[in-house]
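These are the structures, in structure tokens.
After this come two complexes, each holding chain A, first together with chain B and then together with chain C.
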Partner chain A sequence: MNLIDRMASLDRRWIFLMMGLAVGIPIIVIGITGKTLPEEPTPLAQAAFNVLDDLDPGSRILMAWDFDPASEGELGPMATSFIRQCAQKGHRMYFIALWPVGAQMIRSSTSRVIGGYYPDLVYGKDWVDLGFKAGNEAVIKTIVTDFDQYFPTDARGTSVDAIPMMEGITSLADFDALVNASAGYPGSKEWVLYAATPLKKPLIIGCTGVQAPQMYPYVPNQVQGLLGAIKGAAEYESIVNKWVRSEQLLDALELGGITEPTSSELAARFTENPAEASTWTTEAAAAAMSPEAKTRLIEIANAPIPGIFLEAQRRMGPQLVAHLLMIGLIIAGNVIFFANRRRGVSQ
Partner chain B sequence: MNRQKLTLLSIVGIFVILLVVRAFSGNGFGRIYVERGEASFVKVELPVLDAPADGDVKSEGVRSTWVDATSDEAVDFAGPESPRVAWRSVTPVSPRVYFEATIADEALQAALSTPFDATINGTDLGTALETWRLALLEKANAEAAGRAEPTVEINWTALHAAGFKRKTAITVNSGGDFEASLGAMLDAARAAGDSDAETTMVVADGKGTVTTTADDLAPAIGLSWSRTIGLWLAVIFTLAIFSFLYKDNPLYKIAESVVVGVSAAYWMVISLWDMIVPNLLGQLFPDFVQGNLLPGLGDGDPNWAYLVPAIFGGLLLMRLAPKGQYLSLWTLAFIVGTTAALRMVAYIEGDFLSQINATIAPLYQEVMNADGTVNGYSSFWASVRQITLVIGVLSCLTYFFFSVEHKGVVGKVARVGIWFLMITFGAAFGFTVMGRIALLAARFEFLFDDWLWLIDPTNQRSVAAAVGCLF
Partner chain C sequence: MKRIVPLWITAIVGVVLIISNFVPWTRSWGEEATTWFGIIAAVAFVLGGGSLLKVHLKKISDRNSGWAYSMIVLGTFAATLAVGLFKIGVSPNPSFPDVPWSGDVQGQGTPFWWVYEYVFKPLTATMFAMLAFYIASAAFRAFRAKNFEAMLLLGTAFIILLGRTFAGYFMTSWIPIDGPFSGLRLEELSVYIMQVFNTAGNRAIIIGIALGIAGTSLKIIMGLDRSYLGGGD
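Take a look at the complex of A and B:
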């Protein structure tokens, strides 16, 4: 039996093992070294960021988490970054779920991001968890005109009348933008058809890879920002990480007495190249800053990004190796196919 | 035993050996720690205020609600007779928090047995204890070597209650360790006649406290057996599902059945509490629901219109009855009819008309710069995109137009349509592969991070390497 024959009759379990190693080894290497692949944002990810960034602080954002643990690997990082951008910008977040387990996903992502990094946000004033509602697209169709009918209480059983940020919310039209993380039905397509299209509201979608091709036709008229699969999540995550770092640096510079437009230029420079912050603080231009403010600036510039905000970028390493393996296997399969055809072996 | 089984057994054997080695080396793995505490809520009557534009704030009655017992509302409006409920709260903490508390505990214990060099002569108890506290803290920090931050406190509230006074003059002979010195200082205070209460130094959760109420200072951070078992069950089920890749087996079947059963039960419970209770029962019997099931639900009158969905829901359950199953068809007919109508309208507006609208756009797309000039590069590619879109739509429509034989020009255009379709399917397949690999990566991360503690991307156990000797 020659090599071609042996490969043609290769037990599929060897392929599974190779795929397991192709995914597992990069995870361990990235987990130990902390290095991730650089991400160059595409216009779709940038557009998703811009929709939330262009809104004034305090805008009302409806965040629909329509996914479950089975797709958390793809959509969890998107949910984390959506919350981080809204929390940093000062938007008011209203969480709902059309999937039963979506309620758990809301609790998980809010406790990780808001509980861990934005503890000053007040439940009921800055964010509210309205929980799961059964009814699929009927829920969307109803809350387009009557929000209270489906949401008389929040997920904790508190009447919406007693929740300050629910004041003035009578329908979906009262929100400034819709954000949806979706793993299937009901999900992004239903939000496009029943909410964004009739209301002409900005809609940002983060969806699984399986759904993404279905969603592209809606861009840009019905969907203003689209994050497809883990790649979209990684791009958006990198944009949000850079922006948050830039905002933190800007605050540190302005607290230290550096005013606009210099502070913005410096924040952008230090975000791209953190080492510059240490050098700059020794220059005459930084004389106005107190030693404490300089130390704070250098600390912010060089602080590592928290691990939970790098989830998607970490998962791009295994993607690369696994895709290379798949391409190799496709080439090998074709070589075997044509070699056998040439030899006249029946399939 | 054939070769295949031998290979499998070897792999499983190696895996088990690695696990055993991992369990007894370094910090072990697969544990969840929690912080236990108390939570209590109190029922208060909050005034409902109306603040009109003219500025005269008026009370419009009161509303009854449960609030956190530590909140401002509880302080202002709760009385001794107000109904209260309390329970033990459990908050997950990272292993790092537990490790740091353990290091701090050990550092404090070690510091307590080192000599206390300061001389306490002719000073008061407050000054003496503060001197002692600062010296102990310095020693404990030196022992912890930056891996944890021990703290030392004197619980003056408890000491005062037991009769100790800060101003009591004491004289203590120097010498002995910190523990003995503390005893000597407090003995001297007792000799002055202030107190005869038992006083002790309690070390818990990285904090040392001198107090008379030792029972209240039990360690709050510790291993959670229930959550740890939950983690291990998640691991076992994950591995059981993966075992299908080798071949179908009873472990896989058990895991699959458990997923189906748990999902069905979860659906039922969450639908009851998130939909039926607040949205149906809360509308029909608001007082009963507020009094017994959802205290936070607002007051209101019964809305008897909700009897209609209640009856329809009841009829749907007739499918389970031995007779009268046809009654469930009425509900099904209603569901099918309304869903069809809803979807038809939505698809016509959102899919059909909007997509035609998006396709019928000028072939030449002009992209402007911020200064109002035309960006030639972007305009060129935007136009190419629009032309490709139109060609793709027309050629795909031609492929699906079967009234004309696909020959000649029509055949060639249809062939272009096939190419567009194939590229679309390829892109969809690529996205699907990417999605599945991401899910596999997430499962592996769970196994390597949460269970095996091989990696620590979220800094949950970073101090762990330093305390390997503890385990």
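Take a look at the complex of A and C:
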């Protein structure tokens, strides 16, 4: 039996083992080293960021979490970054779900991001969990004109009349933008067809890799920002991380007495190259800053990004090796195919 | 009667929903019909539970193959339903300490939360993760460049697989990003394929599907297509 015959009769368990190692080893390596692969954001990820960034602080953002634990690997990091950008910007977040377990996804992402990193945000004033509602697209069609009909209370059973940030919300038209993390039906497509298009509202979609090709036709008129799979999540995550770091540095510089436009230029520089912050504080230009302000600036510039905000970028490592393995397997399969065809072996 | 009533309901609701989109003063009629749909959708959960019970109880009583799995389905269904419906192990809401059922059933630490966190979540995530293994096996055994179309598909798959990872950037980063050939960088090529070829194909499909849905909907509203009633009519 030659090599081709051996490969042709390769037990599928060897392939399973290879895939297990292709995913497992990078997870372990990234877990130990903490290193991630660099991300170059595509225009679609940048557009998703810009939609939320261009809105004034305090804007009302409807966040629809239409996914389940099966797709949390792809969509969880997107949800995290969406919340982080909105929380950092000061937008008001209204969470709903059209999937039964979407309610748990809302709890999970809000407790991790808001509970862990934005504890100053007040429930009912800065964010509200309106929970799951059955009815698929009928829910969207109804709340387009009458929000209270489906959401008379929040997920905790509190009447919306007693929730300060619900004041003035009568329909979807009262929101400034819609954000949807979707793993299928009901999800992105329904939000495009029944909400964003008739109301002409900005819509950002984060969806699974399988769904992404179906959503591209709606870009850019009906969907302004599209994050496809973990790659889209990683791009958006890297944009948000840089922006948050830049905002924190800007605050530190301005508290230290550095004014615009110098503060913005420096914040951008230190975000790209944190080591420059230490060097700059020794220069004459930083003389106006107090030693405490300088220490604070250096701390912010060099502070590690919390793991929760690196999840998507960390997952790009296993994805890289798994994709390379897939390509290798396809090539190997075709080598066997052509070799056998040449020998006249039936396939 | 069993067929005529559903046919009339379908026809009236269908016409109302169409009219409400075009005649402003009938918009509330459409909203009313959508509300009914919401009620039916909620009731469908109960019907779904009933249907699940019926199918699996029959399987157990007939001792069909895999009847033991049906027992597990029914056992876990009943346990989860009881834990959620009767708020077992849920502490009262601090605002209403005297009301035993006022607590949050999904709150951290409750049995319902435990079932979700430690049974449902790992099981569904595992099922989905297993796809990677089967896709790898299928890629090795089935993805063959048997003809020109298959070769095109393979080429596209390679570009997308590489372009969606750092490998794509690494392999073609030597092409200047602001030069005339920047479009040949793998990450740019993958975006181009998705935004041009994929969009063109998908838009055609979407328009075709929309026309098909419109045609089928009209047939259903007019009672010409009764297949949704069952019975092979």
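Following the convention adopted for this analysis, the second predicted complex is superposed on the first by the 347 of 347 C-alpha atoms of A that agree within 3 Å, B and C clash if a C-alpha of one lies under 4 Å from a C-alpha of the other, contacts with A are read in each partner's own complex, and residues count from 1 in each chain.
Everything below uses one rule, namely that a contact is a pair of C-beta atoms (placed from the backbone, for glycine too) under 8 Å apart; a residue touches a chain by one contact, two chains touch by 3 or more.
Just so you know, these numbers come straight off a predicted model, no measurement behind them.
**Student:** State whether A:Ile330 touches chain B only (first), chain C only (second), both chains, or neither.
**Tutor:** second
**Student:** Quick one: is A:Arg315 in contact with chain B, with chain C, with both, or with neither? Answer first, second, both or neither.
**Tutor:** Touch partner of A:Arg315: chain B, not chain C.
**Student:** With the two complexes superposed on chain A, say which partner A:Val23 touches: chain B (first), chain C (second), both, or neither.
**Tutor:** both
**Student:** Kindly classify A:Gly31 by the partners it touches after superposition: chain B alone (first), chain C alone (second), both, or neither?
**Tutor:** After superposition on chain A, A:Gly31 lies in contact with chain B alone.
**Student:** Looking at the overlay, what does A:Gly307 touch: chain B (first), chain C (second), both, or neither?
**Tutor:** In the superposition, A:Gly307 touches chain B alone.
**Student:** Could you look at A:Gly257 and tell me whether it touches chain B, chain C, both or neither (first, second, both, neither)?
**Tutor:** A:Gly257: touches no partner chain.
**Student:** Quick one: is A:Glu72 in contact with chain B, with chain C, with both, or with neither? Answer first, second, both or neither.
**Tutor:** Both partners, chain B and chain C.
**Student:** Figure out whether A:Tyr150 sits in contact with chain B (first) or chain C (second), or with both, or with neither.
**Tutor:** After superposition on chain A, A:Tyr150 lies in contact with both partners, chain B and chain C.
**Student:** Report for A:Pro217: first if it touches chain B alone, second if chain C alone, otherwise both or neither.
**Tutor:** A:Pro217: touches chain B and chain C.
**Student:** Let me check the overlay on chain A: which residues of chain A are in contact with chain B and also with chain C?
**Tutor:** Overlap of chain B and chain C footprints on chain A: residues 16, 19-20, 23, 70-73, 101, 103, 133-135, 138, 141, 150, 155-156, 212-213, 217, 228-229, 231, 319, 322-323, 326.
**Student:** For a test of understanding, state which residues of chain C touch chain A in their complex under the given definition.
**Tutor:** Counting only chain C, the residues touching chain A are 27, 30-31, 34-35, 37-38, 41-42, 44-45, 104, 106, 116, 120-122, 124-125, 127-129, 132-133, 135-137, 139-146, 154, 157-158, 161-162, 164-167, 169, 187, 191, 194-195, 198-199, 202-203, 206.
**Student:** Considering the complex alone, what residue numbers of chain B touch chain A?
**Tutor:** Counting only chain B, the residues touching chain A are 63, 65, 245-246, 266-267, 270-271, 274-275, 278-279, 282-283, 294-298, 338-339, 342-343, 346-347, 349-351, 354-355, 357-358, 424, 427-428, 430-445, 448-449, 454-459.
**Student:** Which residues, counting only chain A, touch chain B once they are in their complex?
**Tutor:** Touch residues, chain A against chain B: 13, 16, 19-20, 23-24, 27-28, 30-32, 34, 70-74, 76, 100-101, 103, 131-135, 137-138, 141, 150, 152-162, 192-194, 197-198, 208-210, 212-213, 217-218, 221-222, 228-231, 306-308, 310-311, 314-315, 318-319, 322-323, 326.
**Student:** Which residues of chain A touch chain C in the complex?
**Tutor:** It is residues 10, 12, 15-16, 18-20, 23, 37-38, 40, 42, 44, 68-73, 101, 103-104, 107, 133-136, 138-139, 141-142, 145-146, 149-150, 155-156, 212-214, 216-217, 219, 228-229, 231, 316, 319-320, 322-327, 329-330, 332-334, 337, 347 of chain A that touch chain C.
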